[in-house]
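Please go over the structures that come below.
Consider the two complexes below, in which chain A is the common component and chain B and chain C are the respective partners.
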Partner chain A sequence: MPAMTVLSTPMLATAFKAADVDYGAIAPMLIVIAGAMLGVLVEAFAPRRLRHTIQVSLALVSLVAAFVVLVTVSTQQAHRGGTLAQAVIIDGPALFLQGAILAMAALGILTMAEKFGGQGADAFTPMGAAVPGSPHEAAALRAGMATSEVFPLTLFSVVGMLLFPAAGDLLTMFVALEVLSLPLYLLCGLARRRRLLSQEASLKYFLLGAFSSAFFLFGAALLYGYAGSLYLADIATAVTAANGALEGLLLPGVLLVLIGLLFKVGAVPFHSWTPDVYQGAPTPVTGFMAACTKVAAFGAILRVVYVGVEANRWDWRGGVIAVAALTMVVGAVLSVTQTDVKRLLAYSSIAHAGFILVAVLSFDKTGVSGTMFYLVAYGFMTIAGFAVVSLVRQGGSEASHLSQWAGLGRNHPVVAGVFAFLLLAFAGIPLTSGFAAKYAAFSPAISFGGRSGVALVIIGVICSVITAFVYVRLIVLMYFTDPPAGEAVVAETASPFTTIAITIGTLVTLVLGVLPSQTLDLAERSSQFLVR
Partner chain B sequence: MTNFPWLTVIGLIPLIGAAVVAGLPVGLTDRAKHVALGFSLVTLVFGIAAALQFENGSTAQFQLTEQHEWIPQFGVSYALGVDGIALVMILMALVLTPICILAAWHDVPEGGKREKNYFALMLVLVTFMVGVFAATDVFLFYVFFEAMLIPVYFLIGSFGGSRRQYAAVKFLLFSLAGGLVMLVGVIALYHYGPGGSDGFLVSKLTGLHLGATPERLMFVAFFIAFAVKAPMWPVHTWLPDAATEARPATAVLLVGVLDKVGTYGMIRFCLQLFPEASKWATPVVLVLAVISILYGALLAIGQTDIMRLIAYTSVSHFGFIVLGIFALTTTGGAGSTLYMLNHGFSTAALFLIGAMLVARRGSKRIPDFGGWQRVTPGLAGVFLVAGLSGLALPGLSSFISEIMVLVGTFQRYPAAAVIATAGIVLAALYILLMFKRMMTGPKPELDAPVRDITLREKLVVAPLIAAFLVLGFYPKPALDMLNPAVSKTLHFVGVTDPAPTSAADGSTK
Partner chain C sequence: MTSLAHLATADGAAHAATGVTAYAWLLVALPLLGAAVLLVGGRATDKWGPLFAVAMSWAAFVVGLVVWISMVGRGGEDRAAHIHLFNWVPAGSFNLDAGMLVDQLSVTFVLLVTFVGSLIHVYSLGYMEHDPDKRRFFAYLNLFVAAMLLLVLADSYLLLYVGWEGVGLASYLLIGFWNHNPAYATAANKAFVVNRVGDFGLSVGIMIMFAAFGTVTFAGVQQAAEGGAGEGVLTAIGLMLLLGACGKSAQFPLQSWLGDAMAGPTPVSALIHAATMVTAGVYLVVRSSFVFDHAPNAQLCVVIVGAITLVFGAVVGCAKDDIKKALAASTMSQIGYMMLAAGLGPVGYAFAIFHLLTHGFFKAGMFLGAGSVMHGMDDQVDMRRFGGLSGAMKITWLTFGLGWLAILGVPPFSGFWSKDKIIEAAFIGEGWRPWVFGGAALIGAGITAFYMSRLFFMTFHGKKRWTEEVHPHESPRTMTIPMMVLAVGSALLGLVLSIGGTFTTWLEPVVGAHEEGEHPVLPVWSLMTLTLLLVAGGIALAWMRYWRDEVPQAQPAGSLVTKAARRDLYQDDVNEGVFMRPGVHLTRALVFADNRGMDGAVGGLAALVGGTSSRLRRLQNGFARSYALTMLFGVVAILGAMWVIQ
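This part shows the complex of A and B:
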């Protein structure tokens, strides 16, 4: 039976041999882990009044240090390839996406650190365990407590995100998935205001996330049964060889793994958590989650699809094409009916996930670079967008209902102007990164995606018009509508942290729109996957 | 001076002007319009200087060219250049801009930041207008084509009339929908082209052998975008709303210049890049054009809102322009391109003088006037001249172009030309009926005395009427510029003018 040779090679390692570790290649991840661990110690031992400052600086320093090391590592060819017994593959796409995650996470930390003159981070409850509205909570607030543990939690999540697109086998990928998800479940439940909504979001995300993890694990198990190995490289080899009686395991395995991953990017029909979680989570967490999770999860999808199961794509492609089309249509159409800015951006993120899937489905190197470029462009505008949302307040709490945004352009021209620009980028108007990204995603689909690629692009274009209507309506509200009577909606004066985050996000959106060639070039040069 | 980047400079001056106007310190806020006017005049001077460098007899398709790599990964270059059509369009835009700024002098009476934004947006629009006509790279053209929408959107939405939100959103969505359909065509075109880091240059994409189906599909993708822009029946419905809700100066730039991008795009991209598909689509396009001519004219007759009436006349006129373009004869093409120029001036005059009347009466409704020539005889006079130019009275500019379009069309498609001729009769109806209802009759009872045309308004109207007369009696300089470009385009399509059959028949008898 020819399949046996495939089955036997990785299984029957004769004696245990310690895996070689290329510490240089995984140094960025190690640095972030170290930062997170130190953060836990700080939480335990540092005096309460200093914790916020220490945690924020620690998180930023570890992210920046990791980024610098990553850039250094990426210049040395010696560090490319598999390490840790092929559990981690450091190649072009992994490095590119890790860099993007680190940069966006740093912006995310900046927005989370916003205090608006209060004691702790403004977006987070003083005490997660207290019952909302209880005397316990009030006492925690009076005592000056603050959940500064959000920063180490974020770092832990970032570790998972860094590992996710670099995982060389499905088990490592699963571990990464859990490491990135668990802290996010917690972070979602820690909003200072509208606590019940936040806790509901957290629970919902956790339950559905656990469910999708189970799908992923089950799929991984089926693929293991099929290929006799969890390594994507071995699965790829097994797919190309005939596998006799086990052939029936392949397709269900691939689909279940993909379901687990598509859940994380919020693709329809696995999207139902997205609006609730985006709305309930503290706004800076929403921004961080929307940007970085998407990057990491699409990185994993790319690796599974391009390295692992590309050879039998004709079997499972149809399903993913349907998912992509549905994602674009549902995301775009449902965003029209939203009345809450955060939910609106959530549905728009669903639509964007669909646009990115169009690029993924082109099965070409340019599809990889297009996906990566789109992720960077989308990530930066999203973080900046949610940061702006967190600034707009009425009576101290976030004015997330659309009607509250009416006339914002009159009173706060700069905030409204930045947000309008970001909305135009979401809509994909030329001279913003959104347009370059859309072009980078759609062009490989037309060139290499065949008929279905062209059809997806046409659907994508129609959905772009629908989403453009949504964004334009918001601009109409901000600029052409008179402010509502009653208490004024104000844009809080942001601390330098948030200001820096918004400025960088907006500048990246502009630069990637006007002069995208550097980043495109980088994405193109980084688009070659290594198998091992 | 051969290497001087004329077109970049012409595009850059208004952009700098916009930044200066927007950044004026508080003490100088009331100078915004003066600064804007200054910058628009400087741009015009540079535009004329550039036109003097242009050689009508040149063999190259584009002159004053510039080319730099922009996004080599996508095959996009920053490539500018003009042929006669593009240059004439740019010059028309540059002439209309100071006129519009002068006409918009008191559009934002509250002054302050809003006034600065208003004039800054107008100048930004000029940059995009120059860019869209000067781009010789399909992608760059698309970027300008779409980016242009944003300043217009804010000009209508922030400064327009009572239903401005509706009009602005409708305008933007129609244009975006058309534009995004075109984006699919743009991507596909590169895919079928030679590729490479400058694969989006028009010159690289001309004369490709695309295969019938892809060529037709791409033609349709481009044509839909241009038909929305032009606007042709049945995708014209955004125009009357936008034109009546926008400030008159915005309406002039929108209808007079921006809509020309549609017909310009048909010539530059549909005909040049997809010649076979253009011939394939001609019957349908001609039918749509004829419908636009008659439908626009009939609806114009029925309007009671002056601005909507003028907008519908434009739908009719754009029908003529498209008819001439797709007749695929040199006479028709030259007539259409000349019509694009003339229509810019005559619509500008109608909109701006109409707005002066509206400002005095306080109503846009035609029945609210009546006997108005006894109140402001000067304005009534220039309004009549503008109207006569709109209905193509011989001696005024539109006459020549309309006749050329009809003659050119008759050479190949006599039926279409004959039906379209009815448009001329209808044009006389809608203009003269409007004039009769507004201007003739007993003098209306007015609460306060009304001033006749002011000096500023004379300065607005004078260049427009001068343009009617010059282009009406001596269109040769314009035609000399346009003709070589038209024949080059028809050469790309691969058609020659049909022989004048009747003359040939006569000689053999």
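This part shows the complex of A and C:
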């Protein structure tokens, strides 16, 4: 449009139409942004001793408010569809996943707020900028400083996560990806103990994240070259119409975009960051990240795959099938030799990403609902799992080495019992959500995934057996081994915050295992993507 | 797929339940209520709790009886009924209902479990009278009954699995009931761990069903199995189910836990580790007959397991001096008989269940008798310090004696009708099989006669070898009456149920008809004579060594075989060598890993996985640059592969 600058021309005034905004549909995101902005102001103006309380309440209130608004919006058909010039698409999957992210983020905030009687949040360093072990850091500690910025940072990240599965075009999706990632990079570097490990994790995550973003962007550029548009809907049209001359751009474009997204879920061979980052990050952040990032990123994968490029799936499917198989195998096999409980859970999360990919690759509506159900089940159990990990201490710092968990069942039967239950859920034992989730994820793959779907399910079942061995071994360690000599390993008495988070996580895991029907039903009803 | 299963349930064998049968869920609900009240109510229920539990158990029996009567009232075709409880996992394309299958097989179990269970509840009133924690004990007993009933009434493998885990839990809690004694707590843990191995097999079997058929209901799997499912799949399922059955039923190679499980209070041994729970494996195999009938190799494995266990248990039983452990070995051996029969196919299913039923009576009766002896002898269990108790404990002697005659298979007592049939059935077939399996069953009968007579004579006859301070006396009425009732069953049940083939006809609709025209390789009369001769020989030998001759009060050194049998034929040592030590190595290598990681671990699949794991692990070296390189390799590989394929 060459005459863009001459806005006064009547003809152009009609040609330029401001994007209509359905404020109701994006209200949940706006509420969380507002909460995050307010949090920044609180950081600047509120007195130090009140900051923790204010920040925690502010974060929880905005998440809960956003959730309530989301539920209200989801009941009104008028709010469904594209808005903001189709940059955001609010449909069943988007609403379901956004609800899941908000609920899990609230639990994440609860675990981050744990103080164990200290002045600030226990998991976070008093001053992120100080060099580890420096006098500066010691001074900050003495002064009772605390990084209460973590709460607004988390909210910013949540905004990105909310936008990620609802993005209608690749550029918006990229912005969402960065909005959710940048605060996470920071959060990872803020652990109170083992500072160097934490900062290393942060840097690695950042470098590799940037690397993978570049792949995503390159892929998006290739797809733009192919379709002449970044909208997933337009790309879908172009794929169906088949564009002879530029056909060569399509396949690499699709694969590169998917690779950028697969990095976020920790699929093999783009998983190397996962164990290091999970181990180094403050444990509550790890839980939050493992649960919410996975939901958001799989949401984006689902949208790209099911809305954008399903039509030529026969061309690119093979690569992703290989990734799914590798992810399950590597995640399961490597979990066997782990000696650190956080790394163990990291590899378990990799294996779970593989299981979820199996559902994604069924290319059916039930695959969408199976994926979404799995994400909810996995998210809640993993947040609760990491919350339990943060309770078990030796000499004040987290007892993350497996040998320290020996005999925990004797001294702390409740904590060990809850953890054992969660491990059984990870393993997918019946009557836990893990079982229902595996069922929901694998059955569409069998029914609609063809021969490769069946092969993937067989690999999945074998890998489940391998990982089950790992979890059961940990349970045996907790219950049938004598505690290690030396300073006692104790489970700290949790404040109501962590207790609530663990209780909710465990209850959801139990309820989804015993009576999965309502949630499955909801996922099934929300599984229809809208194109625009 | 699952909708087909529904059709099958609706139109096939089982009709929707009507009338009293629709209330069969009470069977599970009543004892569960009892357990809940006692556990939640806490000390407030100390006074009336045990009686309440007993009442709940009897109430379940009454419900079972009514259901059975109404079933008998219906014609043979309409007897099986299906109760739909609730929609467990309803969502679009997959659909799983929780329901109950009330047919001839499950009702047989219901009656056995509730009747014997209730008698043992009554017995426990006397046996546990002075235990400060008896409320908890009764709560667990009720929990067990509920779980066991759920197991046998389930209409799908998944619901069966819930009951399966439930009885495992109850068994674990009850073995370790006196867990202040570390040895008992260890025994409970051992049972727990060994059972995990079996349960794992069962769960893998269920997963395979999911993967292959998309359904886990009995009806659905039956339809798939009979509708031409691949034999490979069925064999895999069958072997996994067999592994599950081996764990729960203490069959070779997972039998090692049963002897130690005798650490629990004696009524528990009678109820769980003799009459009911340990027979769940047999139930599973018979219930899955449609799988095994189409997977001959898996079926052969069942027979082999049964044959090995029946001889194994009998040999171990000959060397045990602990009265309860000798009975445990005998239980193992008798379940071996049932497994053997169940593995023979339609020829044997009905006899497996028949023997299970009679065994439930006579073995429970003998365990209660052993409990009564222990009660009178200050909780001693060493038979070398018993002897001559027949005078001091008349009722116990008499009831135990009836059980003894029954297990020996002396006509006309119960065991004769069931065990002899199994021996006969084992001799049916072609080639080497009838000779090997029939021979094992026959020899087993002879050894059984020897060790059971040894047990009986050492306890009740011969010279008194009592320790100084004991004063044997008969037990109270609450204990003797259940023993008397069970003794009547031991004597008559077999005869009553086999008149005119009542029992086999009754089970026919579930397990299939026994085809006429199959005859043992030896004439029936010669088999019967041979069996009775061997039994008589066993009794005679035991009489010479343990009644006529003096029994030494200290254990003699014994031959190599005796020594081996005393140590359960080195089962624990084998387990330790094959599973535990590498396991410990592995755990050490993994859990307390030195930098060399897995290289110290040896043997087995786990080590293979572990070895791969440690090699792969080296890729995870902590350098961001290597990680980026891995990613790049991945990207190039995927793009390259896709490009080439296209």
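In the analysis below, the second predicted complex is superposed on the first by the 517 of 532 C-alpha atoms of A that agree within 3 Å, B and C clash if a C-alpha of one lies under 4 Å from a C-alpha of the other, contacts with A are read in each partner's own complex, and residues count from 1 in each chain.
Going forward, contacts are C-beta pairs under 8 Å (C-beta built on N, C-alpha and C of every residue); 3 or more make two chains touch, one makes a residue touch a chain.
Please read all numbers here as calculations on a predicted model, not as lab measurements.
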Contacts of A:Leu208 with chain B and chain C, given as first, second, both or neither: second
Chain B versus chain C as contact partner of A:Gly319, first or second or both or neither: second
Chain B versus chain C as contact partner of A:Tyr185, first or second or both or neither: neither
Partner chain(s) touched by A:Ile446 [first = chain B, second = chain C, both, neither]: both
Contacts of A:Leu424 with chain B and chain C, given as first, second, both or neither: first
Residue contacts with chain A in the superposition, chain B compared against chain C: C
Which of chain B and chain C A:Ile458 touches, first, second, both or neither: both
Overlapping contact positions on chain A, where the chain C interface meets the chain B interface: 429-431, 436, 439-440, 442-443, 446-447, 454, 457-458, 461, 464-465, 468-469, 472-473, 476, 480, 516-517, 520-521, 524
Residues of chain C defined as touching chain A within the complex: 1, 87-94, 158, 161-162, 189, 193, 196, 200, 203-204, 206-208, 210-211, 214, 587, 590-593, 597-598, 606, 609-610, 612-614, 616-617, 619-620, 622, 624, 626-628, 630-631, 633-635, 637-639, 641-643, 645-646
Footprint of chain A on chain B - complex, ascending: 69-74, 113, 142-144, 146-147, 149-150, 153-154, 157-158, 164-165, 168-169, 172-173, 176-177, 180-181, 183-184, 187-188, 190-191
Chain C-touching residues of chain A, taken from the complex the two chains share: 203-204, 207-208, 211-212, 215, 251-252, 255-256, 259, 263, 268-270, 272-273, 275-276, 315-316, 318-319, 322-323, 330, 333-337, 339, 366, 369, 402-403, 406, 429-431, 436, 439-440, 442-444, 446-447, 454, 457-458, 461, 464-466, 468-469, 472-473, 476-477, 480, 515-517, 520-521, 523-524
Chain B-touching residues of chain A, taken from the complex the two chains share: 413, 424, 427, 429-431, 435-436, 438-440, 442-443, 446-447, 454, 457-458, 461-462, 464-465, 468-469, 472-473, 475-476, 479-481, 516-517, 520-521, 524
